[in-house]
Structures are given as C-alpha cells and as structure tokens.
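Look for chain A in each of the two complexes below; its partner is chain B in the first and chain C in the second.
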Partner chain A sequence: MKDRSNKYMNPYLAGFIIGLMLIAAYYFSGEGLGGSGAFKKVVVATINGVNHNYALNSAYCSPLVSEGKSPLNSWLIFEIIGVIFGAILSAAYFGRLNFKVGKSPKITNKTRIIAAIIGGILWGIGSQLGRGCTSGLVMSGMAVNALSGYIGLAAVFGGGYAFAYFFRKLWI
Partner chain B sequence: MKEELFVSGRNIPNIDPVLHIWHWQIPLYLFLGGLAAGLIFFATYFFITGKTDKYNVAVKISPIIAPIAIIIGLLALLLDLKHTQFFWQLYTTIRFESPMSWGAWTLGIVTPLSIIWPLLYLDDIIDYFDGKCKIITKFLKWVDKIIIGKCHIIKWIIKIARKYQKIMAWILLLLSIILGVYTGILLSAFNARPLWNTSILGPLFLVSGVSTGVAVIMWMARDHFEKISFSKIDLMLVAIELFFIIHMFMGYLASSEVQQEAAALFLGGEFTAVFWGFFVGIGLVLPALLELMELFGYKIPIAVPAFLILLGGLVFRFIMVEAGQLTRYLY
Partner chain C sequence: MGPLFPQELISDPLNLFIAIFIGIGFGIGLEAGGFTNTRKLAGVFYGYDFVVLKVFFTAALTGAIGLFLMDSYGLIDINLTFYPKTFWIPTLIAGIVMGLGFILGGFCPGTSICAASTGKIDGIAFVGGVFIGIFGYAFTYESLFQNLRSKGGLGKANIAEKLGMSNELFIFIVLIIAIIAFIVVDKIQKRVNEKKPVEKIEELGL
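Up next, the complex of A and B:
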C-alpha cells in the first residue's frame, strides 16, 4: 500500500470547502457549524439522564430539556457524529490512524495531557461565556455577518498570538 | 364522598405512565453478559474443532476476561436489587417459562466454569501479559503460586477439568449461546413494553454480544492471521446485526399503534441521534468500514474498530433498556 501519511490537502482549498459546507449547513438545517454546542448538548443530556428535575430547574439546562425530547436529537450532534466518522475514515485512508499524543519531544505525555485538560476546561468555559466557539461563534457568526463573530475572531486570534509565547514549550 | 380522591386509579409511581425501575446496572450487566458469552463461545468452539493453536488468544488468553465481566455484571445486578439478601431464592426453583430463571441457572453454571477455563491455561496467560502489564502479571503469578499451588481442592478441580475438558467445552458452548440469547429474551419477555416485546431481540442481543466478544479477541490477538480472521467474523456479525435491526423496525412499523409509537422514538424521536448515530453509525458501520479497509491492505490499528464495537454494544444496551421503559400499551 502506497504511503500517503505525509500527504495533506492544500489548506486554502480545505478552507474553501469548509466555507461551502457552512453554506450547505445553513441551507439544509437552518443552523451553522458548531463544536462546543454539541458538547454542551452532551453535558445537558448527561445531567438530564442523572437528575431530570435538576435539569428542568437549571437555567443552563432547562432551555434544552423538555418532556419527550432529547437534547441529543439536534443537528449539531449529527454534525459531530459526521465529524468523528469522517475524521477516522480519512485518517485510516491516509495511514494516519494511530494512538499518539501530539506534543513537543521535550515534555512528557503527562504534562501534555494535564495541559490539554486545563486548556479544554478553559475552552469550555470561554465558549459558553461567548455563546459559541471558533466554529459556532466566529465562522457561523461571520457567515451571517454578525458583529459578535468578528469580535470573536479578533479575540480568538489576538488571544492566541498573545499567549502562544508562554505555552510554546508544550509544542516546540 | 370525596370524588377527587379517585379521579385516577393509576397512581403507580415508577411504573405508570412509564417504567422507571431499571437504571445503569441492567444495561451494564446485559453488555458484560453478552461479552462473556461471545468470549466463551469462541474459546470453546475453536477448542472443540481442534484449532487451539491456530486461535491461541481466543482459546487460551481472552477467556480470562469472561469471568471478570460476569462477576462485575453480577455485582451490578446485585446493586439493582431492592432486596439483595433474597437473590439466592432464584436457586430454590427452576421455571422453564421464566427467562430470569434460565439466566440465573445458566449463570450459576457458567460462572464457575468460566473461572476454571482460564486456570487451565494460566501459564500461557502469564506469558501473554509478562512484560506488558506488571500488575496483572504479578496478580496472575500470585494466583498460580498461592491459590493453585497451595490449595489442593483447586488443583484437583483443574486436574478433573483437564481430563474432561471436551465435555466442559461442549457444556460451555451451549450455555454461552443461552447466556447471549437470554440477555435479549429477558427484555422481550416483558409483553407490557412494546419496544422489548419482539422475538428478534434475543438473536439481536446474541449477535451483538458475540460481536463484542470478537472485538476483545481481535484487540488482544497478536498474530496477524488471528486478527484478520476475527475481523472477518466481525464483519459478518455486523451484517447480521444490521439485518436484524432493519427487520426489527419493519416489524414495529407493520404492527399495532403502540409498536409504531415505540419505533417512532428512533425514527425522529428522542433516541434517533444516539441510536442511528452512536450505535449504528459509529458502533457498527464505521468499525465495519475500517475492518473492510484492513482487508484491502490499509494499515488500521485494530484497537480502533474493536473499541468502537465495544462502545456501540454498550450504547445499544443502554438505549434499549431506557427506551423500552418509556414505551407502553396504556394511555
């Protein structure tokens, strides 16, 4: 089998295709793309499964919880299932499907995993305060010309550039 | 007369309007029971057919997971019981018309035999884990030295089991099928719950359980031939599972209104995404595609499809137990 593990798509072409996908998402589902929204729904569904009354009375969960309806039955969940499906198949096709921790060779897996968990928690909190992540707020927001999308873009990239220096050792 | 006192005669908490009795313990047990059934089935089948050397991991190594799965599953069942201290009363009677009686007696025989089977291959199991996992190796060596080495009764049991291993294999083979089917029939015997009350649930749970057993074997297998063989078996099982699922829904939709309502939970209702997305999509179709790609020469870490199958099997049981409790004949 031919080694394709170092073959990647042109990033500009990939970006263009994501843009087309965004249009298709708005056309077919009436909603944009999103990542954190799906995770929020998983969290709400879990809380709802463990304690339905608590979910009904919680300001965070209650808008997504009602009798006979599951928070998981939404477009974003199907989208994320598609993402998992597509990512695994694509990685398998290009010979990159593997269990590994992507990190700087100078740090241990443990450090990388702890940093990832802390980063993930901050990302989760941030995306809920901002009512969306890079996909939901920035991409889908900008696609419909929402001001919050542009502010989100400036904040995400500005924040990224500002803090990259301090965390560079996790990667290089 | 106070009429307001009998405006409804249906004040039955946790049963009416929907059942709310079975929680995480039951689907976990059904999953582990099915998994153990799959492992035992292949271990005994390949032993009986004289292919022990060809399917080394399936016959000798992976059966060690079976008693662990059964014991954890039984502990989950005990946790579910309201009156734990009375569980032994299941063994005071045999009722052929009760799937629970079948299950109790099957487990009563399968559990000790599934512990004895890996003891017959303890040296091979220690070799398998040696250098890979220190804690397991240490524990197994301790079992070998202290429990087997110093306990004459266990030594005697192993001696007898070795002598009559073929008979034991036949008994386990038969009981593993009963165990796998019973996990589904346990639900389908509830004729008050339209989603469960379908005869296809027994074979579906059996195939799904055997498929999770296959996933564990191909994950543990080190030999390429064994990995590929079980990958092929799993592909066949996934196809059968999909066939059963389609027919299960055809049955619901061609049946009475309550069955159609039960199916609606999965066809646009609240379980649509988890059932078709997480179970059928990620738990069946995706691992099947990965296994197919492997057969065509792509480099696929076998742990990925194996993990997805196990996850799919677990999700399936959680969905069926949860959704089944919501379906009813009453209005």
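Up next, the complex of A and C:
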C-alpha cells in the first residue's frame, strides 16, 4: 500500500470544509465551532460529581450545574465527540493512526512533553479568561464579524510571533 | 429560517445529533489539513510552513461569506445566533497568554484533541495540560479572574459597525488581505525552505 502518512489535504480545501461546518453550526444550532468549551464542561462535570455543594457555590461552576442538567449534555461535547471520530477516520485513511511524539528532531521527547504540558496549561487558563480559543473565540467570531474574534486573532498570533524568537530552539 | 435550534425549529436530541456530524467534518478538516502534526502548526511562526494561516483564513472567510450571504437572502438571522460579546481587556490578555501557549505547546485545544485521539503523545500531554489549566482556573476564579473577566465590556460588538462600514465591505477587505497574504507566505515559505530547510522537512509533506 502506498505510504500517505506525509500527505495532507490541500489547505484551501481543508479550510473550505471547516468553513462549511462553521456555517452548518450557526445555521442549525446558532453557535460556532468550539474547542475549549468541551474541556470546561468536563472539568465542571468532574467538580460537580466530586462535590455538588462546592460546584453550586462556585461562581465558575454554578451557571452550568444549577439547573440540574449535566454539563456534559451539551452541544459542544457532542461536537467534540464528532471531532474525535473525524480525526480518527482521516488519520486512518492517511495511515497516521499511530503512537508517536510530534517534535523537532533537535529536541528530546522529554523537552517536548514538558513544553506541551506548559503550553496546555496556558491555553486552559487563557481560553477561560478570554471566552474561547482559536475555534470558539477567533474563528467562530471572525465568521460573524465579531470584534472579539479580531481582538483574539491579533492577540493570539501577535503574541505567538512576539514569543517565537525566544523559543525557536523548540522548533527550528 | 435559521438558526433552527434557537427558534425551536428542531428538537434538542436532533440538535445534538447534528453536532456529531458537524464535529466529524471539523475533525476531518483538521486532521487532513495537517493539524495533528505540531511541527506543521508551529511553522507559521517560523516561516517554514504556513498551513495554519491558509486553513484558518479560508475557514473563517468561507464561514463569513456564507453566513452573511445567507443573512441577506433571509436564510439565517445572525442576530439570533449566539453572537459573542466582546470584553476587550480579558480577551487581549488571554490572547497573549494563548499565543505563548501556542509557541510552547505547539497546539491549540481543538487541534490537541485531534492529535491526542490519533495517538500523538505530545497531543495527549497538551490535553492534560489544558485540564490542569482549567482546574486551576476554576479553583482560583473568584480570587484571581472573576473581576478581570468582565472588564472592558462592549456588548455584542460588530467590528464592521465599529469601523463604520457595511459587513459586506469589511469581509471583502479581509478577503483581499487574505489573498495577498496567501501569495506572500508562499514566497516566504519557499525562500526559508531553500535557504535553510528544517530537519526532516519531508515529514511536513510540503
């Protein structure tokens, strides 16, 4: 069988497909595509499961748990279940469904994993403070001309470029 | 006329069922576009691979053009959707934090889910980090973040309105900027990769 593991879809076609999903999300459900929202629901559901009273009294959790409905019973969770399926389907087609560490050949696995965890922590905090991540805040915001999307775009990518020089050894 | 679910034109279970299919399309687009490969994502910041910029702007513009066309033909009322409110101060600060997270972690939350579910161990580590970050945020919310989060509130602000132009003109300007950017980044990418290609560049499928 032909090795497709280093082959990728044309980026404009991939973007067009994601754009159509974005339109469908707004048309059917009235909301944009999300990434970090599902993480939040899982965290709130976990806190609620461990200590319901704490969750009820927490300003962060209570809006999602006070109605008695599980925070997991939400559009964003079902969307992310779909994302997982879609990614696995695509990776299986291209022959990329395998355990490996993605990194620059110049750094060790350990460095990469530590950097990934720290990066994840920053995204976790940032996405909650900023009301969404690249998907929910920036892309979905840009699709409806929301000012917040463009502020997010400038800050995420501007910040990325500002810090890129200092961490170039991780990548190049 | 859309949006269907907010106007109770489709049921809650059907809405959630549709979410799965929309997610599948989103996941395929992300994985097939190369977003489970952290080196392809980081390339946008170092000039060796601009796939992020191409996929991202094409998706956002496809969405914007489609939605505002549908709005003008009366197929959807954008005002009835979950239109994001702008709080510019926390969004600006959080955006810079996420920018740093991007350079260090090499993913964003959506792409990390795709990477983790297709076996990328760095993606799994990143997902773990996001959970640690959100748990930390949840337990310190009232003392550290609650106040800051509602600073700089501007309501459901539309950027075209703020700039004093129509939605259509604003999208047209962004489209022109994007097309110019697509041409320019191809030239930059070619030059960077001819001069000093990154190691194992064949893995990037350029």
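Just so it is clear, the second predicted complex is superposed on the first by the 170 of 172 C-alpha atoms of A that agree within 3 Å, B and C clash if a C-alpha of one lies under 4 Å from a C-alpha of the other, contacts with A are read in each partner's own complex, and residues count from 1 in each chain.
By definition in this document, contacts are C-beta pairs under 8 Å (C-beta built on N, C-alpha and C of every residue); 3 or more make two chains touch, one makes a residue touch a chain.
In this text the structure is predicted, and so the values were computed from the model without any measurement.
When the two complexes are overlaid on chain A, chain B and chain C sit side by side with no clash. In the overlay built on the shared chain, the residue A:Gly95 is in contact with chain B alone; chain C does not reach it.
Of the two partner chains placed by superposition, chain B and chain C are both touched by A:Ile81. Looking at the shared chain after the overlay, A:Lys69 reaches chain B, while chain C stays out of its contact range. Among chain B and chain C, the chain that touches a larger number of residues in chain A is C.
Using the contact criterion defined above for the overlaid structures, shared-chain residue A:Gly30 touches chain C, although it does not reach chain B. By the touch criterion defined above, A:Phe157 reaches chain C but does not reach chain B. Measuring only between alpha carbons, the smallest separation of chain B from chain C in this overlay is 5 Å. In the superposition on chain A, the residues of chain A touched by chain B in one structure and by chain C in the other are 73, 78, 81, 84-85, 88-89, 93, 97-99.
On chain A, the positions that touch chain C within their shared complex are 6-9, 11-12, 14-36, 38-40, 42-44, 47, 58-61, 73, 75-76, 78-91, 93-94, 96-106, 109, 112-113, 115-135, 137-152, 154-164, 167-168, 170-172. Across the complex, chain A is touched by residues 269-274, 277-278, 281-282, 286, 289-290, 293, 297-301, 303-304 of chain B.
By the touch criterion given at the top, residues 1, 68-70, 72-74, 77-78, 81, 84-85, 88-89, 92-93, 95, 97-99 of chain A touch chain B in their complex.
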